[in-house]
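Here come two complexes built around chain A, the first alongside chain B, the second alongside chain C.
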Partner chain A sequence: MEYLGLLNYAIFMAIFIGIYALLALGLNIQWGFAGLFNAGIAGFFAVGAYTSAVLTTEYADGRIGGFEMPFFVGWIGAMLAAALVAWPIGKICLRFRSDYLAIASIGIAEIIRLVVKSEAVLTNGARGISGIPRPATEFPTLAQETAYLASQAAYLAIVVVVLVAAYVLVERQFNAPWGRMMRAIRDNEGAAKAMGKDVEFRRLQAFIFGSALMGLGGALFAHFNRSITPEAIDPMVATFLVWIMLILGGSGNNRGAILGAAVVWIIWSMSEIATDRLPTEYAIQAKYIRLFLIGLMLQLVLRFRPEGLLPEPLRGDRRAKRSGADHT
Partner chain B sequence: MEFLELINFYVIPGIVLGSIYALGAVGITLIFAILRYAHLAHGDLATLGAFIALAVVTGLGVSPLLALPIAIIATAAVAVGIDKVFYEHLRERPKIVTVMASLGIALMIRAVVQVVWGVDTETYSRGIVRPENYFGLRIRDREILTFIAMIVLVGGLQLFLTRSKWGKAMRAMSDNPNLALLSGIDNKKVVMLTWIIAGGLCAASGVFLGLNTELKSMMGWQMLLPMFAAAILGGVGRIEGAVLGGLIVGIAEELSVLVIPSEYKAAMAFAILLFMLLVRPTGLLKGKVL
Partner chain C sequence: MLELDQLVMDFSGFRAVNGCSFRVDEGSITGLIGPNGAGKTTLFNMIAGALQPTSGRIRFLGEDVTNLASHELFHKGLVRTFQIPHEFHKLTTLENLMMVPPAQPGESLFSNWFAWGRVKAAEAEVEKKAYETLAFLELSHVAHELAGNLSGGQKKLLELGRTMMTDAKLVLLDEPAAGVNRTLLRKLETKIEILNKERGYTFILIEHDMEMIEKLCDPVVCMAEGRVLIQGDFQTVRSNPQVLEAYLGETTGDAA
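On to the complex of A and B.
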């Protein structure tokens, strides 16, 4: 029995890692490829989660909905909605240095949080939306416990398929001329402009693609939980976790983003298990000490290993190293 | 009467809130112009200042006004320390890396406040303060104090920047860092001075927010957006612009309640920020655009 519980827990963890890996991949397009600072990840996540929830749930009194679309329509809708929110922000802010985008994205996340909380017509307010359909949950031939396990495993399979598809597409873009151009813009904006690249438009593309992936991550989360409430995600913590995942894993490296998601999420959940065992009077403080440590972790990574666990692959890297060795 | 009510319930609270924003925005604008990055931990530094003052008020039993200088000095020291430990070694890297580090610092400062002082709301003093009546204008003493303190602090800073040697050095760094370095200005001292000033003003803004409302661990983070909106509205690098911007954002937030639901008060600063970036990114008083 213990064994089954552990397996369930491992699958649960893996699903979350998959969802966070999608967010980190989205951020990698923005930060790793294009050098754009998005501090409003939780906002795009929420837009995706709520859009998919509204599109796929049954009719409920007092809010729009009742479309009962299949889940994949909801997920595509989530990506479109997140992209639609990203567009005006990017349009206004990407003409300037990324600092302005950082501030504006904090702002848009804050506004989205306000809308989610107060527009009951859209989001059902503080109660949130429940009864979100989850694909592949019916296994009538199996016993109850194994049926639960099977439904969890089936969802994990779906998350993995989505993640692998996203990874393959992003990796392909990374090695394509588009990816090289984005990195050129990131590393030397002036030179890229002189080569005739439309810097603003390309940045806007990267910002929108990344945000769409974040929206998809939100949709996957909502369908996994079957419900979404304003409290489901702490905006700062969610945003910050994704950042540390990407920086630790290696910005500019898609495998690094996924690895970082796994490492950071495992550390984060394990520390939660550890602090939950503390007596209640310390447990609340321990939560904030964990936040402090995750902030400190970012400072240490930025200082001592800014390239992350898996550094960005550079063309001609190996050759440069070999010729360097010849000279010494 | 109608007009007086508008002034009493919206414009005066707006000016007070605006003064608080202005104190923070001046620091943001200085860091933006001299060190050349957006400092996202600014709001949480203000929270820290407010809670240090709370510790002094409850520990020594003095009034918040006496605790203010102590909070200013302590927060300035913390700001310099943060710069030395965390930001200094990122100076050679792209500036955006420091912006990211400051986001982490914001989380760390807030975590410290939450561990040391908890997450409950606190006040400097209990009880309701009734406003005094000045020819129909109803103003509380602490509101006058906030406005005067803002004018005195910012006025003093302006004098320092225009008259003293180091103030001129700071402005030179802001105008043209390469030329300033060539003429022998000590970069390290300028950076330290900037942090002392920004940290001190942060504490003042936090203390006055705490004095006029209440102290919460999220109070500073929620001020971050209005403070940036104020700095950009006034023009980055312009002290008087930050004050003007702060007052406009504060009054606009209070007046917005007349038109939009009060939950969206915080959206006003964001709207101003985007509007300025769209229409006039240099701000009202011709600041820099990074």
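On to the complex of A and C.
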């Protein structure tokens, strides 16, 4: 059943792309539209993943939980929790210039990771939380192999629905006066203030909005995996990979963010297949080649196409149909 | 309408404005002149809330506004333009105007998702007003150009245009004529006069072009070295020996 395996793998990959696309959309609100250098995506991802896990799992000794709520309640809870965590962080850190914000947000993500690791009452510590319910897994009428495929496909469908909804909601904001105001703030902060815009409040808004989407991404990941452990909150894969996705796809462009997620994830996971085929003594070293590959890709993009694969469209241009998306 | 009381601004040891006081009456066009480095723009920045004065008070419409931020002052009807145009260069000319009106429904995340009809209705109104403003400034032909691509003079007009998109009461114009060619300049003067007469804007105008000052401004305030040298109508100020000295660097003895 080579064909079935391939299909399974494709679906598996597509689910991850969907989850990463949510993270990239969240980052696009923060960086692409508000110019906020958030290097702590992993932290909000973790908050979302754990919140949903606690809300939806069965009771377990030694940690809070046992609420057994439906998955969508967990996902909404994940967004709210990430937003709630983002609020004080934004309130304090958004006053910094962007490079300082980057440093502060890395630090905060590390703090969240340590809390997750050590506060067993909340998160069950290093063992993590397992038994997270996953929607649409029961297909009793199907044979075992196809039932597995069906459950994967069903989860993919859910991810796609969530992603499309998020895309539509974010795109709406970008094209609305809100987006125009954010672009104005990004262009010239002083003038935006002089035109009556409360820049600090608007930045906080964008930071919270983006973080909520990151929390949702974390929740989707946790329910797909059926478990969440501190290892999943690796800044390499949960923060920097997302940054590369957004920059390669085109920051400021929501479709670019999604495309970037797809391209980078495909290269990332294909390179894993390639390195796994090497003899064991090289395989471990080759893992680092993958990191190098991603870094190289970023360099090439920044050198030859800094605006990304899909550059930011000229929003608000009523002649956009004629001149196309290219405005530089 | 606006009262400045003993304003002082220190920049780490350098005193840019040193005890500056004057008042501006409603409906007037006050000219603010003075040699380079007299502290005119610093004074503007303090009035507009971009800088916090080291000491002194600012009262606007009978209210102490010394410590308010620029966006708060904007909502009270105090709008400024910039000496070096601060256009939003990656927004179109039209968008530069459309972003200005305060409290647009579409600036709320909630309305954009749940009250789209209201947002669109408000947008249509703002757009109409923006097109009217562009027509008034004779900028309609560049409505859809990126503001960053406009000429220097057009950017100056756009700065003025932004003040027209809100219910401004007091408008601070920082060198509206600098870098603007003669024809456009005369046009600009007319626009300012119309706004003053028909829309009741009060203006404070920093300008080096004396023709424009003479034509528009009464009273004229001359600043030098961070303080008010003299205040009065144009002829009084121009014939004052201290003013000549400040501008030409001549001593009174030489001038005599």
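Methods note: the second predicted complex is superposed on the first by the 313 of 328 C-alpha atoms of A that agree within 3 Å, B and C clash if a C-alpha of one lies under 4 Å from a C-alpha of the other, contacts with A are read in each partner's own complex, and residues count from 1 in each chain.
The criterion applied here is as follows: a residue touches a chain if its C-beta (ideal position, glycine included) is under 8 Å from a C-beta of that chain, and two chains touch if they have at least 3 such contacts.
Since we're looking at a predicted model, the values are computed, not measured.
Colleague: Mind working out whether A:D99 is in touch with chain B, chain C, both or neither, as first, second, both or neither?
Modeller: In the superposition, A:D99 contacts chain B only.
Colleague: With both complexes superposed on chain A, which partner does A:R180 reach: first (chain B), second (chain C), both or neither?
Modeller: In the superposed model, A:R180 contacts chain C only, not chain B.
Colleague: Looking at A:G190, would you say it contacts chain B, chain C, both, or neither? Reply first, second, both or neither.
Modeller: In the superposed model, A:G190 contacts chain C only, not chain B.
Colleague: Once the shared chain is lined up, is A:V199 touching chain B (first), chain C (second), both, or neither of them?
Modeller: Touch status of A:V199: second partner only.
Colleague: If we overlay the two complexes on their shared chain A, which of chain B and chain C does A:P140 touch? Say first, second, both or neither.
Modeller: Neither partner.
Colleague: With both complexes superposed on chain A, which partner does A:P279 reach: first (chain B), second (chain C), both or neither?
Modeller: In the superposed model, A:P279 contacts neither chain B nor chain C.
Colleague: For the three-chain arrangement built by superposition, which of chain B and chain C touches the greater number of chain A residues?
Modeller: Looking at chain A, the partner in contact with more of its residues is B.
Colleague: Scan A:L114 for contacts with chain B and chain C and give back first, second, both or neither.
Modeller: After superposing on A, A:L114 lies in contact with chain B but is clear of chain C.
Colleague: Residue by residue on chain A, keep only those touching chain B in one complex and chain C in the other, then list them.
Modeller: none
Colleague: Quick one: which bits of chain A touch chain B in the complex? Just the residue numbers, please.
Modeller: 35, 37, 39, 89, 92-93, 95-100, 102-104, 106-108, 110-111, 114, 117-118, 236, 240, 243, 247, 284-285, 288-289, 291-292, 294-296, 298-299, 302-303, 306
Colleague: Quick check: in the complex, which residue numbers of chain A touch chain C?
Modeller: Chain A residues touching chain C: 169, 172-173, 176-178, 180-181, 183-184, 187-188, 190-199, 205, 209, 314, 316-319, 327.
Colleague: Mind pulling up the chain C residues that touch chain A in the complex?
Modeller: Counting only chain C, the residues touching chain A are 48, 50, 69-71, 74-75, 79-80, 82, 86-92, 94-96, 98-100, 102, 104-109, 112-113, 116, 119, 122-123, 126, 144, 146, 162, 166.
Colleague: So in the complex, which bits of chain B are touching chain A?
Modeller: Per the touch definition, chain B meets chain A at residues 32, 37-38, 40, 86, 89-90, 93-97, 99-101, 103-105, 107-108, 110-112, 114-115, 119, 221, 224-225, 228, 232, 261, 263-264, 266-267, 269-270, 273-274, 277-278, 281, 289-290.
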